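What follows is a pair of complexes built around subunit A, which joins subunit B in one and subunit C in the other.
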Partner chain A sequence: MEFKISKEIFLKALQRIQGIVEKRNTMPILSNALLEVGNEQLFVTATDLEVGMKSSYPTQVIREGKITVSAKKLYEIVKEMPDEEIHFSTKENDWVEIVCGKARFNIVGLSSDEFPYFPKVKEENFILFKNEILAEMIEKTSYAICYDETKYNLNGIFIKGIDEGEETLLRMVATDGHRLSVSEKRIEGKVGPELAKGVIFPKKGIFELKKMTEEEAGEIMLGFMDNSAVIKKGNTVVVMRLIDGEFPDYTKVIPAQNNCNVLIGRDKFLHSLKRMAILSSEKFKGIKIDLNPQLVIISSSNPELGEAREEIEAQYEGNGISARFNAKYLIDVLSVMEEREVELKLKDELSPVIMKAAAEDDFMAVIMPMRL
Partner chain B sequence: MTRGASRTIMHIDMNAFFASVEQQANPELRGKPIAVIGAAKRTVVTTCSYEARAFGVRTGMNSWEAQKMCPQLIFVVGNNRKYTWTSTQIIGIMREFTPQVEVFSIDEAFLDVTGSRALFGPPEEIARQIKQRIRERFGLTCSVGVAPNKLLAKLASDMQKPDGLTVIRPEEVATVLERVPIKDLCGIGPKLQKQLTTLGIRSCGDLGRFPVPILKRKFGVVGEKLHYMGLGEDDSPVVPEEEADEVKTVGHSTTLDKDLSDRGEILKIMLQLSEMVGRRARRYGVAGKTITVTVRYPDFTTFSRQESRASATNSSEEIYQDAVRILDGIELEQPVRLLGVRLSKLSQQGEQLSLLEQDRKKALLAGAMDQVNDRFGEFSVTFGTLVGTASGAKVISPAWRPEGLRNVDVE
Partner chain C sequence: MQLIFDFPVVSRYSFENFVVCGGNRTAYHFATRLASEDGTENLLYIYGPEGCGKTHLLTAICDRIGANYFSFRDAKELYAADVATEGSMSLAERVGDATALVLDDLHLLPDRQDFRVELWELFNRFYTAGKKIVMAGLMHPKELPHLDGHLTSRLLWGLVAGMDVSDDESRRMILKKLAEDRHMLLSDEVVDQMLLRVRRDIPSLLYALEGINRLAIATKRKITLKLAKEALDQ
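Let's turn to the complex of A and B:
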């Protein structure tokens, strides 16, 4: 196999797959990228068996063929090459030669025979999504994804489509067991049986999807096959295995009878929380919120340091309530909201609080308090 | 290393501690050969009285072995609560003389009395007073060693037992050490002793004179330390409990009644240990991120494997699940003699409530079980698989301390 490619394109191709390749050294082949050339195209594939990515790039093919090479090393090499055309060729025994300008590298590769099979994608039953919609929904839910691997059913985002005649309501939900985030958007067209039932996209796949939505304008195609989701955008295909588990019934988690409603300016609230959180150390984390009519007090105390207290203006008519929260959970929610006014809906000091934009209903977070 | 010439360190070692406590509690046992044993089925002698030692009974012997040595031996099942209580009281007595008390184990402590001489007189006098108070209050004897550092103090307390008081003055160190066999030094075990003997080193004098480069080549960094040990030099400080590192682990281990190779039976023990660890962590409001499993084979090969989790836990169930996963990663080559489960990388437990009902129920259940067990004794309410199993590690861990997280009811 032999081809010539511009450094810029080759670098971009290799950069894209860095997040996919396996970092733990369990199967050496998974640390490698599969390079295939033919038909004036270079195909670059990487997979960790959970999430796989295949992209195509224009190239000048001299000799068709395929090889696998360490994705990380190849990227490092190409990155430091001069801005000239790169000449890539395979030698005997899976050796690879990379020449650029006067620089010449000979590195060992591995035969492509052992590289996992990347499924052929049939472009049927794909749904189209606008970049921005997916980007926003992921932004507003991914912060709540659970990182505890023993709770594997929470290690991703639950995505469900609800049929509403001509339109579909797309919903994304993530939770780590302490807080939950729900984002909803209306999309055109109908969804297939998988989305109608609801599927869990793995965390790693979600972050790849997010990168794709941020790269360049364009639409994203989503389809399903064999317990996997297939995402296609431009010259790139990502296949991710869906999490095989039951997502908890989040509808039960969202409280229906929280009648103590507070309206607070987002920026003031966010900055106050950041200030008060300074005194909530690792050991004594948690800030206290005292609600009184027309007056909200946020405070924190730390036996090793001292205490802090701040009053912020808010609209509130109900009874006095005091509740303690992990400040980070509140800050996370405010950080993904653009709206200027937030609404808190509480019931009592030990029940979950709802946080949402006062003017919008397409996003909501539910946060469980800490013991007082 | 500096010569701690100006320091005065004391090592106090309670004589036949458990056995003496039992003899004081029950006058009928006084003057008789007794052996304190654990409550588990296959037990070893944890301590025996000096009367029993005269027959050759030793700590660590199987009960049947001990019986053969001394047919009239009286076995007493140990009562750990009694020992921990007495130990705490005795440490209180030591603290009357200096705050610099390092509890080494349940029956041993180091005292730095350098600053106490002005108040209480020469070290011999302090030692005599401490011995007297312990005898008056508890009828117990101890051996005291006084020396310029911990290494020599411990050596000195070992020189005269029971009821000894040995002083090694700075100017006497070299003379004393000349003939002391290296195995008497704390830190030189049988294996190290054997290696040193092959170099022709038998006494501390030999060790101190031995060329350091050769020691270093053979033992690495330890080589230099060995050289100083041979000279009787040791600059390690006496670390009182308050200054000691915050407790970093909660763990339990148990020697099994019989060696086990059946997975089901091993898992049962693992669950039991996980519950003990989880319960203790919950009691002190801590949660840990790393779980360690320790396995010992009948030939005493012992090893540990550990894994870290994404979030801290003190749930018995989660500790158990992780422990089993670790165990499944170990290829057991022999039956198992001892099993241990340990939780480390502790942090104060967040009082974050759970959003999901299922998790909340689990937390409530653990809390309710803990309450029942607090009132009616350990394992009154427990997992179904554990019903009918005798429970508990019945050995006081060397990590036992009079206060804090380690002061557990080990009974």
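Let's turn to the complex of A and C:
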């Protein structure tokens, strides 16, 4: 195979797949990218068998064919090439020659025969999403994803579509067992059986999806086939295997009896928490919140360092309550909220707190407290 | 100490995910025979210690033949409302016109003559109608404390199977199943450690498993041998 392509396009194509290729080197072919040319197009494919990505780019094809090469090395080479056209060609025994200006690289490739099959995507039953909606919902839930692989059903975001007559509600939920985040948005179009039942997108796939929403404007198409989700945007298709597990019944842990409602300014609360967290223990980040009428007191203490205390004005008229929380969990929630006024709903010292924007109902976080 | 969410555990009870091992093979075999459509068997009683899989088999049978499951664990709740009223018919009402009579935890049948009579009548109604009857309890029919003598001998007419999962291999397989219900990945060395340290009965193993799971979630650590040892030490 042989083709010529501009450095800018080739670099973008290779950069896009860097997050996909397998880094643990369990199967050498998975650290390679598959390059195919034909029909004036270059197709770049990468997969780790969980998440796969295939994109097409315009190119000048001289000789059709395909080859796989180390995704990382090829990216590093192209990145350092001069800003000129790159000439890419295969030689005997799967050797690859890359020439740009006066620089010439000969690198060893691997036959494309061993590369995993990338499914053919049929554009049927796709649902369309606006970039911003997906981006916002992922932003507001992904911080709570569980990173422990032994709890595999929590290693992603649970996504469910709820048909409400004329409208459809899309819900995303993530939890690590300590906190839970729920984001909801109205979308257009009808959801299929997979979304109606609910599916768990793996975290790696979620982060790729997030990157896609942040690239150029446009709409994202989502469909399902063979236990995988298919995402298409412009010239890129991502196929990710859904997590084969059942997401816990999160509705059972969202408290319904939290009647102590506090209204507090987001910025003041956020900065105070950041200050108070300085003296909390490195490991647990525990801080104490005392609710008093019209006043919230945040404090922390550390036997090795000392103690800190801050008062914040707030709208609250109930009884005095004290509860301890990991400051990071509260900060994470406040960091993804843009609204100026935050509502906290508490019950008692050992019950979870609900955090949401005072004026909105499309996002909610539930955080378990700490016990002394 | 970080507190954690108490997500409900949803156990899936089907024939497909039943862990078949030496000590429960007969019971499993009988249960599938009874649940099969062309089965000639209509009466089954299975017994064994807590956690050996009786409820699993009974629920699997119910799903297969479309029957309702009732456990005498809920007897109190069932009889509480009308415990003083004459001839409480609530069990019969609850079972109603079901396709089969499936009753679990027969050893918890309350010690009252009216309940015995009610159960006996219910049994006869299903038996004479040629409907399937499946019951389970901790012990052999002869040892059940509050059962009517007639019912005991009737139960012995049908298939009777004991379940015993006290050997290590069975407990190992059951632990893996319990971990799967909780979406936990349990390595062999953790299972070995549990079999070594924890009492032999399944409820104790389940309690230990829950302890390991809680510690792993609370401390955000992987379920390793080290973590399992810490949890078991607590």
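The rule is simple: the second predicted complex is superposed on the first by the 369 of 372 C-alpha atoms of A that agree within 3 Å, B and C clash if a C-alpha of one lies under 4 Å from a C-alpha of the other, contacts with A are read in each partner's own complex, and residues count from 1 in each chain.
The rule is simple: a contact is a pair of C-beta atoms (placed from the backbone, for glycine too) under 8 Å apart; a residue touches a chain by one contact, two chains touch by 3 or more.
This structure is a prediction, so every number in the text was calculated from the model and none was measured.
Superposition note: with subunit A as the common reference, subunit B and subunit C are in steric clash. In the overlay built on the shared chain, the residue A:Y152 is in contact with subunit C alone; subunit B does not reach it.
With both structures placed on the common chain, the touch criterion links A:I9 to neither subunit B nor subunit C. Look at A:L169: by the touch rule set out above, it reaches neither subunit B nor subunit C. In the superposition on chain A, A:I187 contacts neither subunit B nor subunit C. By the touch criterion defined above, A:E246 reaches subunit C but does not reach subunit B. Legend: residue contacts after superposition of the two complexes on their common chain; A:A196 is shown touching neither subunit B nor subunit C. Stretch 272-280 of subunit B is the one among 128-136, 164-172, 272-280 or 398-406 that clashes with subunit C after the shared chain A is superposed.
Applying the stated touch rule to the two superposed structures, the overlap between the subunit B and subunit C interfaces on subunit A comprises residues 147-150, 175, 177-178, 180, 248, 252-253, 284, 326, 350, 352, 366, 368-371. Of all residues in subunit C, those touching subunit A in their complex are 1-8, 10, 183-185, 216-218, 220-223. Across the complex, subunit A meets subunit C through its residues 146-154, 175-178, 180, 245-246, 248-250, 252-253, 284, 326, 350, 352, 366, 368-372.
By the touch criterion stated above, subunit B contacts subunit A in their complex at residues 309-311, 318, 321-322, 347-348, 350-359. On the subunit A side of its complex with subunit B, the touching residues are 147-150, 175, 177-180, 248, 252-253, 282-286, 324, 326, 350, 352, 366-371.
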